[in-house]
Amino acid sequence: MHPYAPLLIFIGLALLIPVAISVLYSLVSSRRPDPVKSTPYESGYPTPPIEGRFPAKFYFIAMLFVIFDVEAAAMYSWAVLLRELGAYGLAAMALFLIVFILGDLYVWKKGGFDWT
Amino acid sequence: MPVDGSLRLILPEIIVAGTGLLALTAGLVSRRSRLPGFVSMLGLAAAAYFLLAEVAGETTQIWSGTVLVDGFSTLFKAVFLGIAALIALVSFDYIERNGLPAGEFHLLVLLATVGMMFMAGSLNLITIYIGLECLALASYALTGMLRGSAKSTEASLKYILIGAISSGVILFGMSLVFGVAGSVHLAEINAALAGGTPMLPVLLAGMVFLVAGLGVKMAAVPFHMWAPDVYHGAPAPVAAFLITASEAAAFAAALRIFLVGLPAIQEHWTTVFVALAVITMTFGNVTAIVQTNMRRMLAYSAVAQAGYVMVGLAVASERAVSAMIYYLIAYAFATIGAFAVVILLGRYHPAEDIADYRGLGRRAPLLALTLTVFMLSFIGIPPTAGFFGKFYLFQSAVAAGMPWLALIMVLNSMVSIPYYWGVVQTMYLREGETDAPLPAPAGVRWTAAIGLAATLILGLFPDQVVQLVSAVQVVPALLSGGL
Amino acid sequence: MDFDPTRVAFIVVSAIAVVSAFRVVTAAKIMHAALWLGLTFLMLAGVFLLMGAEFLAAAQVLIYVGAITTIILFGIMLSEAAEVRGRGAAPLPVRRDDASLFRRIVLPALAVLAFVGVMVVVYSQVSWPDAPAGLGGDTVRMIGRALFTDFIIPFELAAVLLLIALIGAIVIAVRDNGRREQG
Amino acid sequence: MSIPLSYPLMLAAALFGIGLYGALSQRNAIRILMGIELMLNAVNINLVAFAYYLEGAAAAGQVFALFIMTVSAAEVALALAIILLLAKREKHIDIEQVNLLRW
Amino acid sequence: MEYNWLLILIPGLPLLGAALIAAGAQGRWNRSFLAALGCTAVFLAFVATVLVRLQYNAAAPFGSVHMPLWSWGVDGVGLGLLGDSISTWFALVVTGVGFLIHLYSAAYMADDPSYPRFFAKLNFFIFAMSVLVLADGFVGMLIGWANVGVASYLLIGFWHARPAAAAAAKKAYWVNTVGEIGLILGAIVMLQHFGSLYFADVLPQAWFAPQNVLNAVALLLLAGAVAKSAQLPLHVWLPDAMQGPTPVSALIHAATMVTAGVYLVVRAYPIFEAAPWGLPAVALVGIGSVLFGALAALGQNDIKRVLAFSTMSQVGYMMLGAGVGAYSAALFHFATHAFFKALLFLGAGVVIHRFGGEQDIRKMGGLGKSHPFAYWTFLIGTLALVGLPPLAGFYSKDAIVVGALMAGRPWLWALAVVGAGLTAFYMMRLFALVFTGDSPEVAAFQRGEGARQAAAAAEAGVGRSRPVPPLKMVPLVVLTLLSIVGGFFAMPDLSGVPGAAEGARLAAPPAHEAAVAGRVLTESSAATLTIALLLAVSVIGGGLALQRFGPKRAPQTAESGFVKAAGAGFYFDDFYRAVFVRPLRATAGFVGDVTEPHVIDGAVNGVARLAATLSGAVRRVQSGYVRRYALALMAGVAVVLIYFVLMV
């Protein structure tokens, strides 16, 4: 028995039901989209146009988040054998991070971080 | 593994990357949009110096084959550096005129160059793949850089979608090859397959995916369809960069993968490449005939030229490989030179129709003359470099017992004459609505001059270059001996 | 065949993965598609776990489920915001697809079926090992060691790659008021 | 007690196919992107499976998969940037309406 | 060899001239100065050629003037200039006649808006042609070959406003492309087999090569020769090429370029002799073109088209000579033909100007009275072409026909004699229709519609006797003299030509004897027989033609005129109606149909149209929908995958 098997079976079942439901729903239900139905509904008022540049800002944050994630994954594999790798690993990671930080500096300079 | 002297061997790559960051900062701190260009050219010169002074002549694997330094890689790296420098030179004026962010532009070009250098300089599928992606991502960004132009955005969207699909395809192929051979190192793959494998079908499937994925990068029909749109929509210098460097890098990677990694199934991939070569050159030429836009004409001609080069890949003999490299070099110079003229014209006629070249013989006699030489080189008329390159490929094809392939090349060159020659006729025989002379900025002039000189010299005295390229071997000696 | 929980788990997980992947490409609302995509990623993390790649499973959750799904959701929201802005307050026109059903659905479906069929044929021609080679020890250390010794160059190159993506994305997505732009 | 190698391979093929279908049949650029992500995940499954079943290939396979994750993250980020630019200008992300460049 | 550098001047000066004129045209220099520049360049080239020729004769019998220019990295592939008996012989004619025609053009094209452009192109042609004939290997020859193609393309399409001219230029381009492919393939095969493309390396080895290789090479080269020399079946472009200005027709499509094929065969004769199929194929093409051209010329009514087909037929004689091994005779006929055919074309130019652009010989006549000068020059040209002693054409044609007999090919000999008769017939027909009888005005007057015709003629600016300007007169006179005395020149011998030494040892006996026989024709009995026959058929043919179309011809069109004449009952009208006219008319009509743009033209123009349609279809594939791009991508993958699944 694989150590992770029960966990998986649990997750699997937990997910199976909503999936099955939504599948069934999508199979049975009939949909006829018409203009009114498919308008985004904001308590009866027509959707106000979204101005300004902050959506783009959101996007940066998301993107930076992606990249931080990847870095984190890399860093984890480095952290577990910090001792073993020693100075060499430190240097390698430093190089990796330098490039990365330069990128962040660039974003900063471009105003990716300011919220006003 | 500690950091040893092997860092010295990738010093050129490091310098190029560092230069990129320098160029970026230069672009950020200084208002003058020319500074980053100079920075990147200096950096490229330094990298080239180290490449030729320190690295050239070495043949060794470092970091367990994730990096390989040998004649092949050094030659290709030199080519890439040269192309990047020419692109930097030709794009001064273009960047200023279109208000492109100079620092970012040069950074992306340089990092793409780094990626290409690793593509040519590795025997490890992972390194090759990452290098490929560096090149690809930078190209997508560069293609979309003209934010004001719908064409540019469209081109980069198409490029990134097709490119992402193609990298998925390549990866699927790599994973299958890895599954069959149990390694990502080409030499070990070769060793594992040497005795024949029970999993031949899977291996063949993997090979097919690799061919297709790399075919996308080489713009081989039917995987080429992104190419005309991208070459048309991208900023002109970027298009020149993609046509020359990116294609060359794809061929370098393909040579390594197939000749070092998969010689065991050579008869199979030879079949595919022969078919691709024939289809590609024919399709490209036939389609180019009816083009009325200069950029698209050059794009389809690029497809056709890729077909010619692929003949070398299909023949895959020592001589064929050197012929390919020679052809790529010759073609790169002619293309960038031609694009210099295109950039100049685009400054006054944004439509870039061939009709806009009417009366160019009057308006800019010298540039018209150079463009004529480049067209002759594309056709392959002596004494230009294009002739010798084609001839060299003919020879290799005939020597390898594929005279009919050579015949198809000849026929295609014949078919290609009208549309190349049409440009020349337009320039000289048709009267433009204006005779106003076209002042050419220095960068454009110099690029055209360099391209012209190289085209003629390579065509008239190819001996040295031939010796250079015929010394190159795809399978490094240290591998062909052992394993 | 005797009951083998691992195998069953694998089958269940992959079944869910396939179904949700199918929903990704068929769901009516793009938001749902994105969520189904997240579910698929999660299931694949499970697959990795079952095949002794704990670290990859973690990375899968971290990168795909966490990051990529999120950014795709952001992308959807922003692009729809742009669409809405484009329409102003006008009601959403029902999108009618002008490309014929044949070209849109049938051809791709055929291509895909041909593809999968061929792959099945290919795979079925080969006898695969049934027992894993059993990779020893914890895979995190293994990966770390490989990453920092053999594959150090690709590792650093990956940093360059991320830099390219970052700067490229910003160059493209951020309007820089400093400079004049043309077509 | 174990999974035959052919299982994950089939799973990968199926996912690759579905992703491919998404990439080929969708009009919405972001959906195409999702399809491509599915394809890349299929490749990862292949790699991990091979790494699990082949002698001494574990490290390479898993590291390769890790790199693919990294790359696809970067790819998505860039692709979405381009799509957003398109959305800003054209007010739509329907690739069927994106064909200025043809012939 | 201290004079080797002279070789450079022969192509160099015209090239320089072309460049200067082009530049000058940009700078809008004085037109006549540019014209003079062009003429001078060619004249100096001619002088250089003469010097080289003298030096060659002075040199040792087997020596030759050689000058390597450069070589590409691969050994055996390079470019240099070679002055030996063949090449200098050709170069002499090219530059000499070329110079005369430059002079003529200076007057003929005087009121053309793009006068300088014309001279630039003419000079460029001289450059290309001299590279072709002076090259020391197939590489240089190919370069020249391609460039004369370009020059001819440009000059045929010189009046590119005329759609007909543009179409003709395209057609010529495509046909010659076919030929060039053959040539290039031949070169590739030779390079593979002989490891070199220099004549000096290839030709001496020819006799030792395996036969299939030789056959392949010979036929491929012949394909190139046939295309360039407008021989069967690739002759279709030549008649249309007459759309070009008349001097161009005279220089390129009569005197020099169309004989490049002959040059190729003679130059590579070791290959053709050693290849079993070589010489027979050449002879076949030659005789076929002789008869075909002659018959077709009968069917034509456009003065220039008549001359064009006659050119085809005469070049056919040269091919025949080469095909039976009488190389010297072929070279000889090339020279004399260049003289009198150029003369005829220039004369035709005068005629056409006189009739205000009219080219239909049925609408001409009576030029003799008004233009004695044109009359005499044209008459001499005609007689020389017919081969009346002691004019030039007689000796050369005779040498060829004798060569056929000596080579032991009586059938070829007989057919060649018949061809001579036909030649006499159509040439005299042309001459009679143009120069004898009544001028169109008079004819029209007799038909009672004088006023209108005269008015038309008047507004067409047709002066009754407009004096020929000296610039036109000089070349005409010189060419006339050459057509008269040209026959007394010594025939070129092939000593010192690459491969000749081996040829002397190894060549097949009849062929070689024929080459000898050519030199000593008057002594052999076969020669006397031939001479007699040739004279007889020429006189008969010419006489019949004069009888038929001469002064006493009926004023109306040929048909009814013919009937009338029959009614008038000349006593051997019936005879030749039965023997000559009917069959001739039938054949000529048929041949005319073939040459008209249905059969072969269709094929040629088809190529271009095909390419266009094809790429039109292909364009539609590039629909701009990225999804279809992806679909194509994956479809490609699927196809290849399935291929492997099924095949492997």
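First chain written, first letter: the chains are A, B, C, D and E, and each begins at residue 1.
Heads up, the rule we're going with is that a contact is a pair of C-beta atoms (placed from the backbone, for glycine too) under 8 Å apart; a residue touches a chain by one contact, two chains touch by 3 or more.
All of these numbers come straight from a predicted model, not from anything done at the bench.
Chemist: Once the contact rule is applied, which chains count as partners of both chain A and chain B?
Modeler: C, D
Chemist: Write out the two chains that share the greatest number of C-beta pairs in contact.
Modeler: Looking at every pair of chains, the most contacts join C-D.
Chemist: Going by C-alpha centres, which chain would you call the most central?
Modeler: That would be chain B.
Chemist: From chain D, which chain is the farthest off, judged by mean CA positions?
Modeler: E
Chemist: Where centres are the averaged C-alpha coordinates, which chain has the largest centre distance to chain A?
Modeler: Farthest chain from chain A, going by C-alpha centroids: E.
Chemist: When the C-alpha atoms of chain B and chain E are each averaged to a single point, how far apart are the two points in Å?
Modeler: The answer is 46 Å.
Chemist: Counting in whole Å, what is the centre-to-centre distance of chain C and chain D, each centre being its mean C-alpha position?
Modeler: 5
Chemist: Using mean C-alpha positions as chain centres, tell me how far chain D is from chain E in Å, no decimals.
Modeler: 66
Chemist: Could you please state the distance in Å, as a whole number, between where the Cα atoms of chain B are centred and where those of chain C are centred?
Modeler: That pair's centroid distance is 30 Å.
Chemist: Going by the contact rule already set, what residues in chain C reach two or more other chains?
Modeler: Within chain C, the residues that touch at least two other chains are 5-6, 50, 55, 59, 63, 67-68, 71, 74-75, 78, 82, 85, 99, 107-108, 111, 115, 118-119, 122-123, 143, 145, 147, 150-152, 154, 158, 160-170, 172-173, 175-176.
Chemist: Multi-chain contacts only, two chains or more: what residues does chain E have there?
Modeler: Expected reply: 619, 622, 624-626, 628, 630-631, 634-635, 637, 641, 645.
Chemist: For chain D, what residues touch not just one other chain but two or more?
Modeler: In chain D, residues 1, 16, 19-20, 23-27, 32-33, 49, 54-57, 60, 63, 66-67, 69-71, 73-78, 80-85, 90, 95-96, 98-103 touch at least two other chains, as defined above.
Chemist: For this structure, enumerate the chain pairs that meet the touch criterion.
Modeler: According to the stated criterion, the contacting chain pairs are A-B, A-C, A-D, B-C, B-D, B-E, C-D, C-E, D-E.
Chemist: What does chain E use to touch chain B in their complex?
Modeler: Within the complex, chain E touches chain B at residues 26, 70, 72-74, 77, 79, 139, 143, 146, 160, 177, 180-181, 184-185, 188-189, 191-192, 611-612, 614-616, 618-619, 621-622, 624, 626, 628-630, 632-637, 640-641, 644-645, 648.
Chemist: Please output the residues of chain D touching chain E within their complex, sorted ascending.
Modeler: Chain D reaches chain E through residues 20, 23-27, 32, 95-96, 98-103.
Chemist: What residues on chain C touch chain A, complex-wise?
Modeler: Within the complex, chain C touches chain A at residues 5-6, 8-9, 12-13, 16, 19-20, 23, 27-28, 39, 42-43, 46, 49-50, 55, 58-59, 62-63, 66-68, 70-71, 74-75, 77-78, 81-82, 84-85, 88-89, 91-94, 140-141, 143-145, 147-148, 152, 155-156, 158-160, 162-163, 165-167, 169-170, 173-176.
Chemist: Once bound in the complex, which stretches of chain E touch chain C?
Modeler: Interface residues on chain E, with respect to chain C: 625, 628, 631, 634-635, 637-638, 641-642, 645.
Chemist: Touching residues of chain B toward chain D in the complex: what are they?
Modeler: Spelled out, the residues of chain B in touch with chain D are 125-126, 129-130, 133, 137, 140-141, 144, 147, 150-151, 153-158, 160-161, 164-165, 167-168, 171-172, 174-176, 178-179, 182-184, 228-229, 232-233, 291, 296.
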